[in-house]
Amino acid sequence: MSLLSLPDIMIEPAVRAALLEDLGRAGDITSDAVIPPETQARVALVARERGVVAGLDFARIAFALVDPAIRFTPRLDDGARLQPSDIIAEIEGPARGILTAERVALNFLGHLSGIASATRGIADAIAQTRAKISCTRKTTPGLRFAEKYAVRAGGGANHRFGLDDAILIKDNHIAIAGGVGVAMARARAAAGHLVKIEIEVDTLEQLDEALPHGPDAILLDNMPPDTLREAVRRIDGRAIAEASGRINAETAPAIAESGVDLLSAGWLTHSARVLDIGLDF
Amino acid sequence: MSLLSLPDIMIEPAVRAALLEDLGRAGDITSDAVIPPETQARVALVARERGVVAGLDFARIAFALVDPAIRFTPRLDDGARLQPSDIIAEIEGPARGILTAERVALNFLGHLSGIASATRGIADAIAQTRAKISCTRKTTPGLRFAEKYAVRAGGGANHRFGLDDAILIKDNHIAIAGGVGVAMARARAAAGHLVKIEIEVDTLEQLDEALPHGPDAILLDNMPPDTLREAVRRIDGRAIAEASGRINAETAPAIAESGVDLLSAGWLTHSARVLDIGLDF
Amino acid sequence: MSLLSLPDIMIEPAVRAALLEDLGRAGDITSDAVIPPETQARVALVARERGVVAGLDFARIAFALVDPAIRFTPRLDDGARLQPSDIIAEIEGPARGILTAERVALNFLGHLSGIASATRGIADAIAQTRAKISCTRKTTPGLRFAEKYAVRAGGGANHRFGLDDAILIKDNHIAIAGGVGVAMARARAAAGHLVKIEIEVDTLEQLDEALPHGPDAILLDNMPPDTLREAVRRIDGRAIAEASGRINAETAPAIAESGVDLLSAGWLTHSARVLDIGLDF
Amino acid sequence: MSLLSLPDIMIEPAVRAALLEDLGRAGDITSDAVIPPETQARVALVARERGVVAGLDFARIAFALVDPAIRFTPRLDDGARLQPSDIIAEIEGPARGILTAERVALNFLGHLSGIASATRGIADAIAQTRAKISCTRKTTPGLRFAEKYAVRAGGGANHRFGLDDAILIKDNHIAIAGGVGVAMARARAAAGHLVKIEIEVDTLEQLDEALPHGPDAILLDNMPPDTLREAVRRIDGRAIAEASGRINAETAPAIAESGVDLLSAGWLTHSARVLDIGLDF
Amino acid sequence: MSLLSLPDIMIEPAVRAALLEDLGRAGDITSDAVIPPETQARVALVARERGVVAGLDFARIAFALVDPAIRFTPRLDDGARLQPSDIIAEIEGPARGILTAERVALNFLGHLSGIASATRGIADAIAQTRAKISCTRKTTPGLRFAEKYAVRAGGGANHRFGLDDAILIKDNHIAIAGGVGVAMARARAAAGHLVKIEIEVDTLEQLDEALPHGPDAILLDNMPPDTLREAVRRIDGRAIAEASGRINAETAPAIAESGVDLLSAGWLTHSARVLDIGLDF
Amino acid sequence: MSLLSLPDIMIEPAVRAALLEDLGRAGDITSDAVIPPETQARVALVARERGVVAGLDFARIAFALVDPAIRFTPRLDDGARLQPSDIIAEIEGPARGILTAERVALNFLGHLSGIASATRGIADAIAQTRAKISCTRKTTPGLRFAEKYAVRAGGGANHRFGLDDAILIKDNHIAIAGGVGVAMARARAAAGHLVKIEIEVDTLEQLDEALPHGPDAILLDNMPPDTLREAVRRIDGRAIAEASGRINAETAPAIAESGVDLLSAGWLTHSARVLDIGLDF
């Protein structure tokens, strides 16, 4: 579980920005009007459905930034499986501050737990195979580091964090460069010694063209399981085999049983449903 | 359509941050390696499914920030309905820059169009009623202004933009304050002349308690259509009637036919599926 | 007094920026040169004239950001009335840090107390009427949230916090739109359910034209008390009546006695004299 | 007039921040609702009272940031004297953008012109003497560079821009250090070759104590004209003589005629009344 | 040369910050005082010694940000070799702006060209071998992306851009983890499919322990050429062999002839002497 | 030693930015993979060569920002002379955090200590003369405040912090203005009372032309010691005499013995070699 950690210094700017976005120019005018400043409260973050929790540090920092007098006690770690009514964390302190931070804390926690839960769903479905589930660069603008973290919390693997993270030659690159071979040759010449090269292929013919250039990974896009199995056979361990396209809990097992190393799915980060978590008094 | 506009000065910081997040510390090493700098390309943003487009300015600014030599020509306006294969915009210029900006442009466009499309789905379903569909503060951290805009593009209404935007007394406020009456009285005393007051009620009894305090709007939470109809009858035009809870394309018509003015749904902004839009060469 | 609070997270960025503006690239070279680092001091913030204090949290945060070892003990709350020689707060700790933070703390405290004092002056003058005094969007760039807060501390009400806060149709909008009626109709069609609509009118004729469109508030600009009284009669409780133009402590009572709900004055935030507060050893 | 210039790169961040503060999260909802996007307008910035203009570049940048299609044509330069009805600049372009930027442009222009006008008032009053009028560090947080510029536009001189700009030993420094002599000696030992040293004295005795240490300037605080004249005699050209305390258009001539080189007044930047400038269609 | 490009959007924030750091709160008071605003100038960036140029885009952007009327015409590309008196770029336009931007432009250009020149010195010295020269994470805080770019411009390779860029197990990690084997095993379990693993070894025994775990690269620290040769023999192409420690133009050839793939040197980025480039009128 | 202090508020932004630059989007993946979260460590910052330490607060803040549980105990003060093996500070706490912050802490500490050490080398070489060694504006972009501080820690003096800090008329200004006399006259007319004026002269003729205008300092550029001596004779105490050009530990004594007040050298900040400091377990 060691890859889960994000230092607070990476989390705080995003939480601070979200709080200021919500506080606007006048602050929480409802709590200020309705709740006396001295009122204390004791509440709990409670799961309302099954899933996997992620983002506890984001929630903790949200409450701390609004009022350092709020005590936040997690009852679980990120990555833990949730059942309805499970208590995720207990929160105690000035009621105004708790109400002010509530929505931002839940927005992070629900969003990241939703991603972790979706990832865990696929990871469980392919647990009997050698394959892992991975995300993509199809993330919500500004939250990539957090969403990638949530994928890890759900038992998934991370793909590239950005354009500078590895060379990934996609269909458009191949089309413009003029073919798999020329693109691979240029990439090989340019890549640093710590930079891996992956290439996307749509057909077995493209695969055959790519393999002699020694890519570190091959993205097999939108191939049916039988074609994937043949691709894995041809790759024969010389590169990571990654399958993408139409990955969901139903299709994943058959795809994973083709022998690929990795399934990747953009929807984990861009379209996962928020996990329903509430703040109960 | 006049409420659709966002000046570029509001959009640019989010797009700039997303590009820098993606470019990292070395830039687009794939395009730099594989595509000669002088190569030109002509591509199109194309819808791959039905929906509503939103976020064209975000896409335009993404390409312009990467390379001002890229020409971006929209073929539709935000809010337009899409059919598969519809051309949304044409883009022409240096191929490297187009490929570098592609993912950020699509991440914004897909996310915002997804929200607009989900909103339009509800808006169409209740078009025969007097009700409008509205979003909430359950938005993605950092993107509230953009997601609220996408709701408008989909024919929806906006709820509060932040904690400072109106007084909305929710169940937790009532519980801590000690009842509907005391909460309403405090809110009324504190509210400025341009600040509206809304209160959430779960029962008709709470509604009866709230009405004499003259709220501008009442949030009727999780009530079945029959109870909503009775609530509307008791409100009798003295306040905006808003229904929330379990709103989707199937449930919305019956809820809307109860006579409420507004349906609100958090999932429009936090859980709408990305709309599938591609960049075709 | 509950609307007074601003969470520290909203205040800190402005204070931090002001300190860095003052420290420049070499820091406080006078105190560094002249005061030994171990010297301790005990000082007090003292009123030098009558008024109302506002901005104590800004001062507290200024000292804390320069040196967390400085202890800041407020003796009053924001909104309290001051007499010359009143002690506002006591400050104890390293002398260098106290001297370094002094000017920034006083710049905030004097500016915000000046606004609160000016507001209180009008509020007292119209205390026997039903009217309240309000500020406008004529604020110092970058300090709107703070100046609006100071108005509240002085017993005033806040008007719009920004262009997005309510619809306020002013003379230029009416002129360009082509008249009161068309402007009101367009605004009504566009406004969300939590957005109030106010319209500025210069004559009773414009007022008569506006009223049938049901504005939430009407800004009666530069009308003499008699005309205001007639305007209030015609509005007859159907909208908030706001008077603006030439509001000061002398004119305010007669204007307020016309029966309007609100007086608004831009000078409260843009031209109030700083309140003289000193740091005494 | 050469010290007037500020490069746009210094101005733009302040204007951008002010616009975003005003646009909030939804933008200019009034203009969007009421003004069709294609409407063009031609307006003028017009003086409504006598004074001196300052801040034209701030206004120009405000309009340009909202909509680059707006053409801004200044008819005067910063520092020019204004009579009521003088046209300061003409503005032409999309009406929406003009209305959106109007308030921010006027907030800067009125604030800075107010400072320039107040400065000019003193400068004119002492024009027959050798003295100049100067500002202090008592500025509005975040706007020091702009307010100092406005003082220059009004014919004034600038004092320190920050704590790091020169050594200025004030009464509190002297008290804590243990006297004029020890403070001066320490300052002399620490000061770099381009750093000037100024010391505040309240009495002629302190002046006599300070002079042998060779300060570059001496701040003569709250001395009546006769005492000032004696102080100037004793200084005898060995240091800049600066008078502070109760400087206004009435008192300035007598103070200046004492022979001091400089009068300084904090109210120029912290309490000058905004100059009334309007946007006329 | 394709890996050289950095989009302007990555460069501009650093240049803007450097200009504001230099302009301070009053701008360029020398040029404003001494140079009339209408004066035009034509100057050239000229090499004063041999080396390699890098950072032309930084210089171009510095002049453009100060005054868009300045025309900047590069006569060379980054990576070009310089002889004394070579003209690097010609600059024409308002003299004030040219003088204002001069120092920031030269600070970037001299610093980055210094790094490129140092790198080229090593690259030339080992040109007859298969080895490349690489930088490290020992960079100037805030300028890593720029310094890494300068290394590429000098013909060098880039090592990790940050802690998140690859797994590099160093001596301290091994010591704390408890040995080469356990560290490698943990790294292998945690690494994503696009993440390479490198391990630092000080002895051939550590090398033998590391190799069976299949590292992608091995950092051979401070080994003499003979030991390096033996290490290369044992690695036998199964991993990238990188030599570090005491790399300079004199030692590099012997080290490179050991057969390693890579030499890495921290001083390229943290201690390279600035290249002397002047601005000649 | 009183001019050494920089408040943490000035240091923290630079350290925070450097940490985020290094942590990237995934954090310290090596330490996360290899070091268990509960592992504690005790390490020391140790000098590996002779020199002067500077930047201890930067190192302290780096560790504190990564993990507040890390205890940092300095054993020396900035400005202290170092011998190889001297312990600079002891650090104790969670091993992961220590390893994560190590490189950023060392990058600041080595860079600033390198500058302090180079400065001290010259300061020692001229200790028997009246001259001081000073830096210039040739600093690393973004780090000027820190590098100037390091020069002070090494016993040096600071020159201008920015373009706005003093008037320094250089050769290019003279050339464009049309001569020493006109440039000096314009500067004198424009300078505020706390602004010093320095002018660069290349010949004794220029010196003679400058002196009657009363500059506060004169920069004698690239003059041999004999010419410097004659220049000092002609200046005769009426201005600070500063020598620049080819200043190093060998040339400095002869130059300083000419009687100048100041030697200035750009390489102290732009080309000083990093001081070798290690983190030993």
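By written order: A, B, C, D, E and F. Residues from 1 in each chain.
We adopt the following convention: a contact is a pair of C-beta atoms (placed from the backbone, for glycine too) under 8 Å apart; a residue touches a chain by one contact, two chains touch by 3 or more.
Every value quoted in this text rests on a predicted model; they were computed, and no experiment measured them.
Novice: State which chains count as neighbours of subunit A and simultaneously of subunit D.
Specialist: Touching subunit A as well as subunit D, we find B, C, E, F.
Novice: How would you label the subunit D and subunit E contact, same or different, if same means the shared numbers make up over half of all numbers there?
Specialist: At the contact between subunit D and subunit E, which are copies of one sequence, the residues are largely different (under half shared).
Novice: Just how far, in Å, is the C-alpha centre of subunit F from the one of subunit C?
Specialist: Result: the chain centres lie 44 Å from each other.
Novice: Can you give the whole-Å distance between the Cα centres of subunit C and subunit E?
Specialist: 52
Novice: Using mean C-alpha positions as chain centres, tell me how far subunit A is from subunit E in Å, no decimals.
Specialist: So the centroids are 32 Å from each other.
Novice: Subunit C: which residues touch two or more other chains?
Specialist: Those would be 2-3, 21, 23-29, 32-33, 35, 100, 144, 158, 161-162, 164-166, 186, 190, 195.
Novice: Taking chains as nodes and touches as edges, what kind of graph is this: line, ring, star, complete or other?
Specialist: Contact pattern: complete, every chain touching every other.
Novice: Mind listing the subunit B positions that touch subunit E in their complex?
Specialist: Interface residues on the subunit B side: 16, 19-20, 23-29, 32-33, 36-37, 65-67, 96-97, 100.
Novice: Spell out the part of subunit C that touches subunit A in their complex, as residue ranges.
Specialist: It comes out as residues 2-7, 9-10, 144-145, 148, 158, 161-162.
Novice: Mind pulling up the subunit E residues that touch subunit C in the complex?
Specialist: Within the complex, subunit E touches subunit C at residues 21, 24-25.
Novice: What part of subunit B is in contact with subunit C in the complex they form?
Specialist: Listed in rising order, the residues are 2-3, 132, 134, 157-161, 164-166, 186, 190, 192-196, 198, 216-217, 240, 242, 261-262.
Novice: Residue numbers of subunit C touching subunit D in their complex, please.
Specialist: Against subunit D, subunit C makes touches at 14-15, 17-18, 21-35, 39, 41, 95, 99-100, 102-104, 106-108, 110-111, 114, 137-144, 161-170, 172-173, 175-177, 183, 186-187, 189-191, 195, 266-267, 270-274, 279, 281.
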